[in-house]
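Here's a structure for you.
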Amino acid sequence: MPPYTLDDLELSPGKRTRLYRMLYEHGPGHGTGMFLPIDQGLEHGPRDFWDNPDSADPEFQLRLAEEGNFSAIVFQVGLAEKYYARYAGRVPLVLKLNGKTEIPSDEEALSPLNASVEDAVRLGADAVGYTLYIGSPVQDRDFAQFAQVRQDANRLGMPVIVWSYPRGKFVQAKGGQLTSWAIEYAARVAQELGADVVKVNLPEYDPENARLTPKPYNSAVFDEDEAVRRVITAAGRTPVLVSGGSRVDEEDVLAKARLGIRSGATGIIFGRNVWQRPYPEALALTRKIQAVIREEALAPVPARV
Amino acid sequence: MPPYTLDDLELSPGKRTRLYRMLYEHGPGHGTGMFLPIDQGLEHGPRDFWDNPDSADPEFQLRLAEEGNFSAIVFQVGLAEKYYARYAGRVPLVLKLNGKTEIPSDEEALSPLNASVEDAVRLGADAVGYTLYIGSPVQDRDFAQFAQVRQDANRLGMPVIVWSYPRGKFVQAKGGQLTSWAIEYAARVAQELGADVVKVNLPEYDPENARLTPKPYNSAVFDEDEAVRRVITAAGRTPVLVSGGSRVDEEDVLAKARLGIRSGATGIIFGRNVWQRPYPEALALTRKIQAVIREEALAPVPARV
Amino acid sequence: MPPYTLDDLELSPGKRTRLYRMLYEHGPGHGTGMFLPIDQGLEHGPRDFWDNPDSADPEFQLRLAEEGNFSAIVFQVGLAEKYYARYAGRVPLVLKLNGKTEIPSDEEALSPLNASVEDAVRLGADAVGYTLYIGSPVQDRDFAQFAQVRQDANRLGMPVIVWSYPRGKFVQAKGGQLTSWAIEYAARVAQELGADVVKVNLPEYDPENARLTPKPYNSAVFDEDEAVRRVITAAGRTPVLVSGGSRVDEEDVLAKARLGIRSGATGIIFGRNVWQRPYPEALALTRKIQAVIREEALAPVPARV
Amino acid sequence: MPPYTLDDLELSPGKRTRLYRMLYEHGPGHGTGMFLPIDQGLEHGPRDFWDNPDSADPEFQLRLAEEGNFSAIVFQVGLAEKYYARYAGRVPLVLKLNGKTEIPSDEEALSPLNASVEDAVRLGADAVGYTLYIGSPVQDRDFAQFAQVRQDANRLGMPVIVWSYPRGKFVQAKGGQLTSWAIEYAARVAQELGADVVKVNLPEYDPENARLTPKPYNSAVFDEDEAVRRVITAAGRTPVLVSGGSRVDEEDVLAKARLGIRSGATGIIFGRNVWQRPYPEALALTRKIQAVIREEALAPVPARV
Amino acid sequence: MPPYTLDDLELSPGKRTRLYRMLYEHGPGHGTGMFLPIDQGLEHGPRDFWDNPDSADPEFQLRLAEEGNFSAIVFQVGLAEKYYARYAGRVPLVLKLNGKTEIPSDEEALSPLNASVEDAVRLGADAVGYTLYIGSPVQDRDFAQFAQVRQDANRLGMPVIVWSYPRGKFVQAKGGQLTSWAIEYAARVAQELGADVVKVNLPEYDPENARLTPKPYNSAVFDEDEAVRRVITAAGRTPVLVSGGSRVDEEDVLAKARLGIRSGATGIIFGRNVWQRPYPEALALTRKIQAVIREEALAPVPARV
């Protein structure tokens, strides 16, 4: 059960209206979210469409988002301008404002702005997305770029969803992107810098990596539930979306959704795990994920840590 | 049956998204609209709340808009800022950008801007409203003011609903605000100047007034249906909302809604006729109006003139 | 007892912080306000200082505001720049942004901007004041000017107190500034246009004037309590300050304060009634007014109409 | 046959008007394009004019463009200002906004802006061109620069043709600029970032280079037709122009044009292959290319993958 | 005893008003300050919350700031927007404008802007905080960034508190961050560049480090009192706040506060030393610190050097 309702958060009317549409009017509802990202064509290139060639056509994801009742679809500006009009209003839109190719080295990762908050307003979007690379050697440029997005979003009542990812050579040297230390830190940074919603990966424990993290994380071991709850707690009053990552078995997809919502996440944002499957299979899985989210969202509320 | 669907109109994705919410997701649906205006406290002052004192509290109209499933509520900026947050997302918002008191003479009517399109975006509104006084001696200032609103709305993907009202001493000298001539002219002007939707009064035939209109209107007599169809036709590809005006009998309210939608209007915008009644009566009437709109909207399509 | 606490209102953190200082930290507290205006030197000229020549020196009012523990002092920008520094922080400041002399005719009243919201921020003010002339023939210019102030104030988290005054030749023709019709209308307009707080005169019943107001006001008679409660109700979620007007007997001053707070006003704003008396008398009266406000504010809450 | 007509694309009236001129009124017509670029003097320097010294005079290309009925000529701003006036309207203009010399290393390629979209409007251009270096280590600066061009072009209704080229040291390390992986990725990026039209090179299979590309591209072999169709598919709803590259035999030029259009490209953009030949030969080849495009454009439509 | 009162400093009314609130109305008063910073979640990450997990919730610090009567709480913009509204006015706010994670190397330290002075005004803050890394290889970018903040703050009457920290590889080579040379230099730089208040660490003498500092510091030894007085003197008319640093014993915390105020500091700013303890212990320590500050502030004034 998500720990916060919109009533609990300090949201301007515009942000509240737009979040309400995604978390109550569309998707699984009851204050939860199920988002369909399709920016991998930019981030990873066409190799991601190889297993399901139909998925290279954004119509595939739009149909799935409408028929599967997603809370929103996530597009870069070019896809939004070319494909969204025919689905305008039927499927809420999250406009991803920055993005990059995977071709250059990630050592000094920075994701440049490809669109503005005003573009998002113009296109009828209900949120903007921004990738923040926590710990990158060029985080100074990233933070400054994000500050401008936050201010524009604040002025226009547009919710900001931060893809908060530890990244870069210093993160690598301290155990990589998936340690509890790095992900909790990323969740806290998003909250400190003013994200309205934060998207995180779930930690994966690996003793070799954990040993490289700062004290006292380097000697701590958390079980899976505790590790996820700690991330949600680190995000504070910033609702959390759980990333899907690369494709895994259907059972694992559903287990991740259940684990996330049960631990207090507000929603999930699964892309490849959904649309790398043929349409009927993708739709069926979507419905199962939605059922899991609803089931967990309506379960008796555990005490919040 | 409204003559146009959103697919028939040249709408940017943002305008389309926002109109879709009001014409398909909320209200009677099927591309029709039922709007609840509550800007009369500014336009007419508290005398309008006299018959139903509860209506002076904007919560009255908000509850009614939510429970009665209106397509949107219409507020000036002050009411939106003070009352909308708790209904954010539940009831779409039309922010009325200009407005005035009725205290000064209407001979040189001009309705000044009290808010901006950016205010509307910030508050999560799905449209802005603008009162254009066709034929006023100061129409030059009015048109220039409207041009700026239209440009801002275009840039931000925000639909503009124009309250298109013949007004001022020259209109009075030519038969007043309710002749077919004046109202058809007002509908055409809204279309020419770039309204996305136009709100009009229905013509009322009065031989004395008609005689004062320009040729050949001064010798024409239209039956009620024809008079309304002519207004819809004059608005061209600008969907039409029918105004309610001051309170009349319930049967007359329903007849006006039926006449409007049957003649090709996209929706109705009735304020005093609804909220000047006690809550249970207002809600019951709302439901009847909604039933009439749906019935007419789903009726077999007549050939369009 | 004021009907609303800050928790009940939709206030941004900046507006809330600044109102808190005036309504809880300074003045009578408990969510009430007692304001000391000294802009009469501009509005009425030096004739107002005739009875108490000391009052021409703004130090008189500043000392009184500090020693008498007012919620804030109200200055035009020139007085603020010349006199406020030595009291900075000790006495909250309301910067009056517009103002005019009484020399020209009031038939087409308009109060021009003499300072900006940014001036108020720069000077450390906790609110800005704006005089809005309801019903003036040039209300179009007034409303447009106010809209800019409201937007700046919104952007900077600065509360706006509106001096909402019916004024001009059309108001005169409809019974003048002090009818229930005119004052209720003024309170409603301030709420519709986005005032955070509204300052009004209390209605004074005069059968000749009342007869000139629009229906149904022209045949209504309210007792004093009802007349005041109606104004508070017309202001909705906009806290009300009761104006003092020209000097009256001490008992009448205290009675007006009691009547206002008991009827749901948030505070009083008395100028000439206080500082047109010699210092010791002014200070003694201040303390009596404060005692009355506290007494009423802490009285058992009556049911709200 | 190009897979999309202008009716199939979400184009604003301005972009549509301008594309219509190039794809229907000038050039081979029927929705196809044949563009003549002459920016090689900047990109490669005067060595490109060595074989046909007449080609160093932009009049050469302008005459050829008019007499050979090209869809448009492509100029940097200096050539447009100095040579275009006498052909204004006779030959549509594409203003290339960025460009660089080949003198510095291409390892960190970035093509700076030399002109603005407003320059293009001022000069009467029907499109702007922008070179985007996919995968360059400084792609962050490139993407940010392009975002500004896209926004200006959107505001002014100006089509943007993106020269989408994989480039830089990381591309070299992954098989170079001509692998299917790199070119499909480049086509997708142009679509994601908001190109209206994309110009690409056709892939050239080389087993050594292919082996260096990411999985699963590193083990895939496509025949020529399939390789081209995959690029067109990767571009989605972004019409594709096929680049010519350095000069080859006439038969190869014609085969490339036929292969492109047959595979779904909207047009070709051949420079050196045309104007590095003497005028009569260049004109004759132009007419043959045009015949090939028309023939393919009017051929029975193959089913689209 | 702090050497300067607000009357001694050349402060604009806005800065003076805001400083007065923190140094006289809230906190220990008498012109002294006791600030509670909670930006360590950004600067150090969640490891700082490990010993007292409750401290990860900003409500912990807000309750402590209110109940313990701190002069102000220090937040990054995200925490201010999410947590401050319910404490608005009860606890003054210092908005920290820049900040970074500790993940990248500190060799070229630069703290990017995450918020603006206008954000601070909007949120009702009484000061802004800025971290200036004295001596960093990129101090040119830092100084330029600070100049903009200072100008904005000057225009809006907002006090600027500078966290003035020697940092970066050249500082390391010259004895590190805690030598008298480095800290006196940092205090002087803050004064030269226009800080209103400066926050410094106290010097720690270490002969190895001292030897690496420039002449004549490399051969100087100061006793503790003298070292602190020299820093205060170096700051000139810029009131000094003493940093707490990482957690030490309660006796050491109190001794540092006493040493600072006795030596002429205006206040202390202790974070981890307070909130890394359980709530009752943190509150008890807060009260002891406050007692020490008051005791020293009211002690007979020593002659100023």
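A, B, C, D and E label the chains in the order they appear, each numbered from 1.
In this section, contacts are C-beta pairs under 8 Å (C-beta built on N, C-alpha and C of every residue); 3 or more make two chains touch, one makes a residue touch a chain.
Keep in mind it's a predicted model, so treat the numbers as computed, not measured.
Chemist: Provide the labels of all chains in contact with subunit B and in contact with subunit D.
Modeler: Where subunit B and subunit D share a partner, that partner set is A.
Chemist: Tell me, please, which chain's centre (mean of its C-alpha atoms) is farthest from the centre of subunit A?
Modeler: C
Chemist: Just how far, in Å, is the C-alpha centre of subunit D from the one of subunit A?
Modeler: So the centroids are 36 Å from each other.
Chemist: Could you state the distance in Å from the CA-based centre of subunit D to that of subunit E?
Modeler: Inter-chain centre distance comes to 58 Å.
Chemist: If you average the CA atoms of subunit C and of subunit D, how many Å lie between those two points?
Modeler: 67
Chemist: When you check subunit C against every other chain, which residues touch at least two of them?
Modeler: If we look for residues of subunit C contacting two or more partner chains, we find 10, 12-13, 155.
Chemist: Considering only the defined contacts, which subunit E positions touch subunit A in the complex?
Modeler: My answer: residues 39, 41-42, 45-47, 50, 56-58, 76-79, 81-83, 85, 99-101, 103-105, 110-116, 119.
Chemist: Using the touch definition from the top, list the residues of subunit D that touch subunit A in their complex.
Modeler: Within the complex, subunit D contacts subunit A at residues 9-10, 134-137, 139-144, 146-147, 150-151, 154, 166, 168, 170-171, 174, 181, 184-185, 188-195, 214-217, 233-234, 236-238.
Chemist: Show me the residue ranges of subunit E that touch subunit C in the complex, using the header's touch definition.
Modeler: Residues in contact with subunit C: 6, 12-21, 24-25, 80-81, 84-85, 88-90, 93, 118, 121-124, 155-157.
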